[in-house]
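The same chain A turns up in both complexes below, where it pairs with chain B and then with chain C.
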Partner chain A sequence: MNKSEMNNPHMDSPAKPCKAIKLILLLVAAVPLLAGCWDNKDINHRSLPVIMGISLTEENQYKVYLDIPATNETSSVSIVSETGDTINEIIDDISMNMETQVDLLHLKIVIADKRIARRGMEDIISAFNRSRDISAKTLFAISDQPLDQFFSEMQAKSEQSGSIIYDYFEKNAGWNPQLADTRVWQLFRSIHSYTHDVIVPIIRSGVSTSIECTGSAIIKNGRMTGQIGTDETLVANAFYGKSAFGKIEVMDSATVQITSNRLTHQSWLKDGKPYLRSHLRLKVTILDSRGHPTEAQINEKLEELLTLRLNKLFRKTQKEQADILALGQYFRKHLTREQLQEWRSGYYPNLDFKLSVTTVIENRGNLKNL
Partner chain B sequence: MDKSGYQAAILYVVCHMGLIFFLYPSDLFTAMDMGHWIGIGISYALHAAALFLYLKGLAWTSRKNVIDMFRSAGALFAWLLLVPVFVYFGIAIIITLRAYSEMLTLVFLSSTPLWAIQLLLIGIAFLMAWQGMASMARTGVLLAILFTFPILFVLCLSFQNVDWYYLLPIIDHEQTFRFLIKPDFLVSLFVYAGGFFFLGLLPASIHISIKKMMLGCLLLLPMFLLSVYLPLLTFGQATAEMYEFPMLMTIDTVNITWLLFDRITIFFLLSLMAFALLYLGVTLWVLLTLTKRAVPVIPNIYLLIVLTAGLFAISMAIPNWDFLKKLQGWIIPLRMYVFLVVPLITFIIGWRHKHKTSRATEVT
Partner chain C sequence: MELKERLAAYFDGNADYFNVDIRLLQYQVQMIGLDSLVDLPQSIASLQTQTSNLDHASLQPAALLNILGKLVEPKLEAIVPDIMKGNLILFEPKSGTCSSVLPIPKNVTRSVTSPETENTLYGASSAFQEDVDTNIGILRKQCSGASMQVETYKVGKHHPRSLFLIYQEDRVDSRLLRSVQAKIKEGQDQEVHHIQQLGNMLGMNPWSFLPSFNMTELPQNAAHSLQQGKIVCMIDRYPFAIILPSHIMDMFRLKDDYNYALPFMYLIRLLRIIGALIATIIPGLYVALVSVNPEVLRLQLALSIANSRQDVPYPAFVETLLLLIVLELILEASVRLPKSVGPTITMVGGIILGQAAVSAKLVSNLLIIVLAGTTIASSTVVGFQNSVTLRVFKYVLIILSAIYGMLGLLAGIVVVCAYLGHQTSMGVPYLSLPAFNKKDERNG
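For the complex of A and B:
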């Protein structure tokens, strides 16, 4: 440092290179952190199962199946299974015995065995909700046949594509309004909600197609209490507002497609007995007709059919005290919270529910006459 | 257009946004069974009133900061008044740090140890506080520009699964106000309490406009409501009260097939984490400013290092989630003090100051 610099009152130039070097050193030291991941595992060291099957063994243990789409070209799907006392323990076991780590982040569907569904699935569903990596919107389904058989047939059929089941349920792929669409979070809600039960699709491996849907299971508090057919599921979906593009066959006269639906409700309570009048307005288009029915005839038959189906569905659920149409929701303004807790047992069985259906034929397709 | 006053208002909104959506809904669900809007309404009204009193008091003393104001009433008085504030903000940082890192491990960093996340969070807060308030205010504006869109996008989409019937009953027939003294409700005031104190310490270069602040405050009302009502309408009270982070669960249920990303929770979480980081930075800076006035001899940077290290050590020492909940319960008196008493005292001192000066001008 020379004298002239020492005399300079604004002497900050010597400090600058020093500061720059410090800064550069700091930045260099930060380089190892740039990966930004902690204990990261590459994607090729992970197995990402899409489907999980859960069944019970003879000894009342869980048996978990995982359907893992393969990443290599020789096979398309591998199915692994293991038994144990808790789901997480089993996953851990599978992970231990595999060359990759099982990662449930992309799990799309959980299929439970019918036996386990009848016994109650509260623990499983709570575990899913507690879990850090299973998404709340994982779909739920129940298998009509033993899972061993189901998965082996699935594996045999999935030579071309590993995601058949996933596509089957996906709204933008194979889903139909005849299929119930219930997610894990909805099941969890139904366990704790006072007024809300759910339906879950029942599937089995099909004869010519890979999967067949045989209807829906009525799930009350995490337990399967009964079963409804696909037609009734469609009506239930119409009630939920999810029936667009559902097709209904009107006996002997026509097939119509639902284009939109709208529901209005009127509910009241008299002497502790709940009354509900609902009005379902459907807009439909005619797909094909047999003979030459008039529009009025089709409308009349359709309304009759839908009312009948819905009433049948309602009676069945009423008997089982499972409110799958969430009718209790319409009494929230009449009942207190304590009373709502009693909804399923105290009020729902006495519910006086009448549904009227109005259908409007939106158009007749390309042909003017029926 | 008058641009002054925006920085402070944006900073205020951003700091609160970082807090609202995480701990608040869960606390409120434990505190109340129905009529949540009454609870939100009351605490929001208190918040708006406190904010107004605080700003008015500050404005009357013509931009003196809170410390100077309290000092004008005596040094001992100032110490007495500001030590609880210091303690409260220290604990507020610890709670935020700990709770948010737990939440991050819960949602997407399941294999990362807690200390690493806490270190990262407090490290960034340290850098922010070090750079000072002016740079934090600019950062606030930048964050608001960057993350408003993703947050609004996610909030709009999370209406996907709502069932409007869960809104009912809007009011309970036997609605009482007993919830106001429930510890859970008082804990939920966390989001209302500490986010505006820093306004009293702002350097003169950042202008505060009361009108813009109150507009910002108005903007927060829908956010408070959404953070509680979105989970409520999706799950219903009985289920929502079981979740540790109901808002995040609500967003997890959103299913969009056309979006490239599977879960939009991460967008929401990361945007709000950026806001929360700013809150941490601002709170750390508040602590620094207070300490600096108490012990002026030590240079800023050493004070900041000591503060940061101390807070980090304490937050590491918290054994578990239950203890964190208890800690939040213990500081209820402090919280009420910072939330209601401090603005009131500021208002009174400001009012006296105004009268003194007007009398002084009359005499001369």
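For the complex of A and C:
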């Protein structure tokens, strides 16, 4: 403020608001021109589907199921379905026929039919990534039974809560390390990466529980090529470092819990043949034991069992040329990009992979003797 | 005799004007003053006691009047201000000498009371609610060092008032002091009846959303500010100490905090900062989450919010504004109304309106919680004028959130921060941190 203004505060104060008001009016007038979200819909005018199911009809059309938890007291969940040629078209159709707008931002799980999984899901995954309203973090699962049946049984069971399946996969609710945990972005990566494949959980509606897991599907390039059991999934998860805590391992004589795991790798290439030596160190706690095995016996059996399981898993994936343990990652520094393109077909089947497992029994489950 | 008539003519419309003759020693003296400010009988008695001990013969009228008071020119212009101040004028007509005497005043002030607008917990509870001399007296007791200076200025042409500038010589920033002194001297002709006029005189931006002054009723706060090197202003008949300049930390700091243990002091200040953030951000966050970006919410929360918003006819923006305005009305009403009616407003507003608005499905349950939290949080900051500031910023964030969602909320916070950063108070940036008062060994 300059001197003359200071001497005449009553002179300058009327001028200032006038300028300010003009500025504010200008700003207000500019608001409609800006790309503001005037088409905002309040949360109660949106349907928030949690689960999307995708299956194929006889005419090779997609059939999409949406599991929408209800926001009123009378019902808990509603399942809507529609058929069409593309997924986005179907969602649009559903949205048109519903009283609220379908908003896929909260979608947590995508369940694909086994038929689709075997045929290839590249189109679906790219569609998810293109339409930006589906989060890349969305979980992926494959259904062992027809989706019609799956969803109708789900609806019958979800009397109280509409989000059973969501809780089933939720890390702080129902998730167990025997369950694969694969997101849409990981599937996308597996399609476009030369050295990375994924496993996807296979579920079906259970007899006494709502959902049952029957193992995991091996997905290569977006296509299901094989299946592994829950035990092998557990080992795979341990290999990824995911299963670190709260894991239970059953043997003839004892059950142990993995408390932490650590992996080291050594890779080299000799005469065009890849060699990999991995060492898995596990710290375990004994939960229960039958008879009185010694610690050494338990360690030995555990190491034997884990090595066997992992080797079995490895051979299976080697046969199917699907690198679900992402072992190719360790050869990225040895191979050129052109050579990496051949990883799955050229190098992986010849991979000499030896895994050694060391287990350390951290404590005997608070008991003095075994 | 001419003076008496002229005075009588001047005070024609004032019923409390008196001009009585009394006898002091051997002289006949006129006593002139205002009945409403001077206790006449007591003053006469006091004057007569004083004079009865004096030596009769040798004393001239001028000498006598000089003993009793201060000699003034026997002119209307010289006498009237003294009378208006509440002084007593003694006029000896024969010699034409005139003197202004400090009388025994009518008691028009109360004794020191406890604060009305600021509550203290574990602190001295006397307040600046009296006339300015008492107030300065209270302050002097709080701040007993030798370096406290009290400067006085007469401001205003038609209704002059005294403005006191109080500072600690060894702590105040001399540049700040000089600029305040210069501004007051420059604007001495301006009337200062309220804070806006004072702000005008000191060259503050009248359109600023931030408080240009911190006002306090508590002597300990004023004394603390003096120690920090700030300047305290007092206006005659204005029951607050006005502290210059004001800072962001004045929102969160209180002298009484030092009466807690150190960890609690910092926790309490942290709580006030959190309160300020909640009060400004939460309503905007609600609007952004409910209408623009519900994907940020956890699924369970999203479902329960959607459930509680079932059948609410308005968009979240309108809903929030609706209830916020009602809340502002309640707040304003409970400030305005006498204490006996205030609780009624609170009850009607809180219980009847809140419950009815939810059951009528005008607003959602969650919004009631959000707004209650906001209102409570905005009052955690120190000083009512600061909580008014927070109340204003809240609306900026709501509007931006309604248009651009979370992005708008974030942009709004940036805008508010930029605005705060742009403001200065007497040349000191509003956001300057305790570096300003580094002379205070406790640094805050």
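The rule is short, and it goes like this: the second predicted complex is superposed on the first by the 327 of 370 C-alpha atoms of A that agree within 3 Å, B and C clash if a C-alpha of one lies under 4 Å from a C-alpha of the other, contacts with A are read in each partner's own complex, and residues count from 1 in each chain.
Basically, a contact is a pair of C-beta atoms (placed from the backbone, for glycine too) under 8 Å apart; a residue touches a chain by one contact, two chains touch by 3 or more.
Everything numeric in this text was worked out from a predicted model, so none of it was measured.
**Q** Does chain B (first) or chain C (second) touch A:Lys273, or do both, or does neither?
**A** In the superposition, A:Lys273 touches no partner, neither chain B nor chain C.
**Q** Considering only touches as defined above, state whether A:Arg332 meets chain B (first), chain C (second), both or neither.
**A** After superposing on A, A:Arg332 lies in contact with chain B but is clear of chain C.
**Q** Kindly classify A:Ser135 by the partners it touches after superposition: chain B alone (first), chain C alone (second), both, or neither?
**A** both
**Q** Name the chain, either chain B or chain C, that contacts more residues of chain A.
**A** C
**Q** Tell me the contact category for A:His192 with respect to chain B and chain C: first, second, both or neither.
**A** first
**Q** Touching A:Asp103, do we find chain B (first), chain C (second), both, or neither?
**A** second
**Q** Could you look at A:Asn44 and tell me whether it touches chain B, chain C, both or neither (first, second, both, neither)?
**A** So A:Asn44 only meets chain C here.
**Q** Considering only touches as defined above, state whether A:Arg183 meets chain B (first), chain C (second), both or neither.
**A** Only chain B; A:Arg183 stays clear of chain C.
**Q** From the superposed pair, tell me which chain A residues show up as contacts to chain B and also as contacts to chain C.
**A** In the superposed arrangement, which is not itself an observed complex, chain A uses residues 38, 106, 135 for both chain B and chain C.
**Q** For chain A, which residues are in contact with chain B within the complex?
**A** Touch residues, chain A against chain B: 38-39, 106, 132-133, 135-137, 170-172, 183, 185, 188-189, 192-194, 196, 326, 329-330, 332-333, 336-337.
**Q** Give the list of chain B residues in touch with chain A in this complex.
**A** It comes out as residues 33-34, 105-107, 109-113, 116, 163, 165-166, 168-170, 172-173, 235-239, 242, 249, 252-255, 257-258, 262-263.
**Q** Name, in rising order, each residue of chain C that touches chain A in their complex.
**A** 183, 186-187, 190, 200-201, 203, 205-207, 289-292, 294-295, 299-300, 302-303, 305-307, 309-312, 315-316, 402-405
**Q** Would you tell me which residues of chain A are touching chain C in their complex?
**A** Residues 1, 5-7, 9-10, 13, 16-17, 20, 31, 34, 36-38, 40-44, 46, 48, 50, 69, 71-73, 103, 105-106, 108, 135, 162-163, 166.
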